[in-house]
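Across the two complexes that follow, chain A remains constant while its partner is chain B and subsequently chain C.
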Partner chain A sequence: MIVLRRLLSSAVSIFILVTLVFFMAHLTPGGPAFSILGQKATPQSVAALNARLGLNTPLLAQYGIWWWHLLQGRLGYSYLLNRPVGALLWSYEVNTLVFYAVAISLSTVLAILLGLAQGVWHGRAPAKLIGAFQLGFYATPPFFTAAILVLVFAVGLHWLPASGIGNPRLAHPGLGSFAAHLVLPVVTVMLLTVPMLSRYFGEAVHEELGKDYVRTARAKGVGFTAILFRHVLRNALRPLVTMLGLSFPYIFTGGVIVESVFNYPGLGWLLWRSALSQDYPVLIAIVLLIGLLTVLGNLLADLVNGLLDPRANYE
Partner chain B sequence: MALGAAPARAQSAISASVQDCGSIVIPPGLGIGPGADVTSLNPLLTSSLYNQEAAGLIFEQLLWINRYHEIDYERSIASAVTSPDDGRTYDITLRPWLWSDGAPVTSADVLYAFQLMKAFGSAYAAYGQGGMPDIIGSITAPDAAHVQVVLKRNVNPQWFILNGLSQLMPLPQHVWAKYTADEIWQGQSDPDFFRVGDGPLLPVALNIGIDAVFVPNPLYGGAKMHFSRFVMKFENAEGQELQAVQSGDLDMSNIPFDLYAKAKQLPGDEVVTLPPSYSYHELIPNMANRTTLFFGDVRVRQALADAIDQQRIVDLAMHGLGLPVYGPVPPYPPTFLSPAAKAGKFAVGYDPARAKTLLAAAGFAPGPDGVLQKNGLPLAFTLLIPAGQPLRIEIAESIQQDLQAVGIAMKVRQMEFNQLLAAMVGQPQAWQAILIGMNLGAYPSGEELFAQGAALNNNGYASAEMDQLITMSTDAPGLDGLFAYQDFASAQQPVIFLPNERYSVLVRKGLHGVQDFLNPLGAWAPEKLYCTSGGAP
Partner chain C sequence: MNRGRGGLTAGVSLGAAVLALGFIGPLLYRADPYAIHPAHALQGPSLAFPLGTDELGRDGLALLLSGGQATLEVALPAALLAFATGLAYGLLAGLGPGWLDKILMRLLDVVLALPSLVVLIFFAAIVPLNNTSLVLLLGFIAWPGLARLVRNEVIAQRGRDFILAAQQSGAGVFYLARVHLLRVIAPVLVVNATFLVGDTIFALSALSFLGLGVQPPQVSWGSLMQSALDIIALAPWWLILPPGLLIFASLLAASLTGQGLLRRGRGR
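What follows is the complex of A and B.
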């Protein structure tokens, strides 16, 4: 019942979000015809293209048509890329999914290890060192981190490719090439997310270690390692799961900046591009996806937290 | 009479150490500007230069226009173009040529392309250029190897051949005829749609946002390729392209002007400086805006041109890689320069003192804040420039400084390019001046630019004399009309002409032929690229 109520309120939020984006996008000066026709656009060619794209009908009618098509499972056709939006989103989605799934998984593992160390050694030199790392990298903008990584590992050392998704010289680049192209983008994302996640998790571990149940367990002779991994870890994971739930949409939509810097064809890159060129069908479909995933991410985080701590009550 | 033929050029001898290059990977937009990705392969629908580059690899030109603005028959499907009545009728002879599926290229394919142009109407990317397609009264195919074009009126053959007739190309009627115009539109990004071509390369993949992949056309009738794969890889910015050459991902990249000196010092790779582009920058003063009616006074426009130090723009913003431009015909190649322009004699040129005199003669006097004013209204305006383009920003800042020195206040505002275009094309009260670049056709006439009601005349410029001279340049045989038009436009400054740039390309060691591969008029000649094992041959 609670889940149903949450889903209903989320559906209203998504409806409002999509409606706002639809009208804001269409009312922004410019228009896709100018992106397509470029500098030699004339009033006649713009009018002809707008008619072809269906942009000459009243805005409210376009809005109604968009919803009607969506109810039929059609997301429209990209004005600029000349592909069905559904297929386009899927091809970019796969790239983003792999990229962020790897980045977030590795980040989570590393954040747990660092957070445990920080919590256990709270106030001591190793924890302070970890704190400095967290602060330093969390404050560094990802485009700067990305540029430095490219300069060092691609341009300077020639160890890794600078951009793209596979070796363009090969007809079939293969998994190795794809993995090599993922390294720098993944490391860039990790250098942003690990400090953030580990800081939250470290604080949670420190708090849990100070609680009565830990003292009781130790008094009963349970070993520290067992306490840490059987009890503290489980309880401290809750804020981390919430954070991961919030980042769930990013797993699917990607980071605009990182994907742009590395020329990685993911959904973030597509979002940025469709916004600039006013490719409305693509832009609105991605916003819809972000809305859905945000709802789903929050819901999943709550459910997992409920499993981790049955006392949790989200009503 | 054979028209506009290029003298036979001896093919540069390539040493015996030539190797197959394997895959060649380059970004779109080489020698033009920051790359963008390819989104369409249909030559009739490709309004961006990047798309034109890709489409030009798949479909051979009927008339190949080289960098000297002449027809290169060695690279053209046409073996001759004649005009028996000097301007109205054009007879085109096709040489034997094959589609990649083995079918012969015939005059029916040329007629089919023309019918498609007409069907697309204003959606046809080059609609109106060289009068196409509406200027053609009839187009017939006496036999499979001949096409006859009859125009609705007599025109200057040089103008029509370079700007109009050169748009005609064979398209594979035997493959495409089963599709409607809408289906052809929908298929413009699908490489499968373009499996049959007659150009040097055929597409095998168009990965939107990633790359466009081509392989040599085995039945291509021209010179042999020295590579097995050709990839147009899309990068987001020039800086990225440069890094990609250094990291080995790309074989060539444009060099941003501010990195030119550094690029020359890079070990291993070679810097190739290309001829200046056939284009210019322009400051478009809006004479139709109620707040900037002062631009309608030719003395004000001349004063703007006199106040701007173009050489400083070339030296500082373009790092020496450009040429000042004072009229509508770029200085290189000098093929169409008027005698006065060739001699460097222009009605305008950097002269701040003359700018002040002109402004005083136009009734402007210094106000209390130092800005010139007339009837209490300041000589001030806002210049819109496309967002995120460092070169344009530097040019605008240089102009701002020069104009301030003669008492003109100019603000600079960046705007997304499509928003800027929307304002320029349909909202005369929404902008005061715009700074953009203008690429010209092979014959640099102004019928699309400065004639009253012309497609790209967006700033309200109107002059009966200009209209007359433009008509003379397009309709009367010879170059006298073009010369008179360009001298008049230089004096009128319907837009303030600004320098054109000259790009440099960073090329990986061992890859050669870049100068011949890149044609400033857009079409690439991939057969010119070759590799050697030991660096320069």
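What follows is the complex of A and C.
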């Protein structure tokens, strides 16, 4: 029941999202005709191109057509590359999903470890040290982190490649080369997300440790490690999962920058390139896709929460 | 408690230092940021050029100060605009009829679900970019978080006795908002205004870094980072560290000040 309601609510979000993106793209001054024609735009040529692109029909009719095309999976053609947007996005999307899967899972593991340490040693030196790390890196913009990492590990020490996803000198760079290219981008994202997640998780652990059930368990003679890993961890994980779902937009904001700095061909990189060249169909499709992924991410977080704690289903 | 005050002091001093650098700095160090000295291109710090030169031979310190001024001149008005928009939206949702609140909040959920930088990039690609359009752009993207907060605060206060009493004696919506609500939620507003400044400085720097913010020949901290990164193979650390550290300092100042204020408010 609750799952159904969540699904319905996500569907409504997606409907609003699609509508919002349509009007964002069609009501903003400027517009595709100007960017395609550039300096040579005259009122006549703009009108002619608008007619060819179907931009001169009434707005509501365009909105209807937009939905019709979307439901068929027709996202239009890239102005720049003259390829169907759907096919174009696919490879970038795979790269992005791989990148985030690695970055987010590593971030979560590290955040849990740091958060546990912080909760257990609350108020003492190790926790304070972790707190300083969190505050410092929380305020560090990702492009700065990335620049320092490249300066030290790529330019200075020559340990790791600075950009791309494979050694361009090899015909088949292989998995090892891909992994090496992932290291610096992933570390940059981790330095962005771990401070936020671990801080949040650390506070949850600290709070759980002060609760009655912990005292009861200790009084019954259960060992501290058992309490920590069997009870506290599970209870504190629930807010962390919610937080992870909610912070996806934040993580992606960093991800766009990271993909751009490292020339990692993912959705963020493609978004950036199509923004610079004003490739509207691609831009719109990426914004939609990212919004969709976010809504689904939140849905997933809710469902996982239901599994972690059945009570969540009745709230 | 003591630690909170230390953080607040550090945050405010750091913020004041950054502001002074951006607005007073260019008055004191008067070298022309656009003057080109090809003979001295890409040199490290020296007496003539305290922060070195870039690949065109422009004075690094002059660029940094001019970039700071541009960054602050766009980010601060944008934060103010975002603050006003968020406050108005939140008050409207909190004080308006129930159906309006539902619609406005639902819309907000979707807007908040989109990564703000993605939306910014989208608009930056569509509109012609100059400092005015950037202020509007950043101002209209940064407000949703504040709007939700204001709305929740208003809802929380709405049922309290003094509000009910005022309503009973015939107070209108605007009177309520002005005389009672704003005063009660002022501390929350101040804290979040501080965070907003950090947000807009970050967003502008990120956009400029991607080439979609402050446009050449004008420079900003973000665009200075970008042009330094273009030639990173030559390891020009004197071009990368200063703008990066200043963005970092601004964000840290906003974060420390906001959290310090928050802690002080809770302590009372």
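Here is the rule we use: the second predicted complex is superposed on the first by the 238 of 315 C-alpha atoms of A that agree within 3 Å, B and C clash if a C-alpha of one lies under 4 Å from a C-alpha of the other, contacts with A are read in each partner's own complex, and residues count from 1 in each chain.
Following the convention adopted for this analysis, contacts are C-beta pairs under 8 Å (C-beta built on N, C-alpha and C of every residue); 3 or more make two chains touch, one makes a residue touch a chain.
Small disclaimer: the values here were computed from a predicted structure and weren't measured.
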Partner chain(s) touched by A:V46 [first = chain B, second = chain C, both, neither]: first
Partner chain in contact with A:A217 - chain B first, chain C second, else both or neither: neither
Partner chain in contact with A:L88 - chain B first, chain C second, else both or neither: first
Touched partner set for A:G164, first chain B, second chain C, both or neither: first
Contacts of A:P265 with chain B and chain C, given as first, second, both or neither: first
Touched partner set for A:R273, first chain B, second chain C, both or neither: first
Which of chain B and chain C A:G291 touches, first, second, both or neither: second
Touched partner set for A:V150, first chain B, second chain C, both or neither: both
Touching partner for A:L80 - first (chain B), second (chain C), both, neither: first
Touching both chain C and chain B, counted on chain A across the two superposed complexes: 28-31, 150-151, 155, 162, 260-261, 276, 278
Contacting residues of chain A [partner chain B, same complex]: 28-32, 34-46, 48-49, 52, 80-83, 88, 91-92, 150-151, 154-155, 158, 160-165, 167-171, 260-261, 263, 265, 269-270, 273, 276-278
List of chain A residues in touch with chain C within their complex: 12-13, 16-17, 20, 24-25, 28-31, 135-136, 138-141, 143-144, 147-148, 150-151, 155-156, 162, 248-250, 252-253, 256-257, 260-261, 271-272, 274-276, 278, 280, 283-284, 286-287, 290-291, 294-295, 298
Touch list for chain B against partner chain A, complex: 22-23, 25, 39-40, 47-48, 121-123, 125, 127-128, 185-186, 188-190, 207-211, 213, 229, 231, 233-236, 240, 243-244, 246-249, 416-419, 421-423, 425-426, 436, 438, 455-456
Chain A-touching residues of chain C, taken from the complex the two chains share: 106-107, 109-119, 121-128, 198, 202, 205-206, 209-212, 222, 225-226, 228-229, 232-233, 235, 237, 240, 244-245, 247-248, 251-252, 255-256
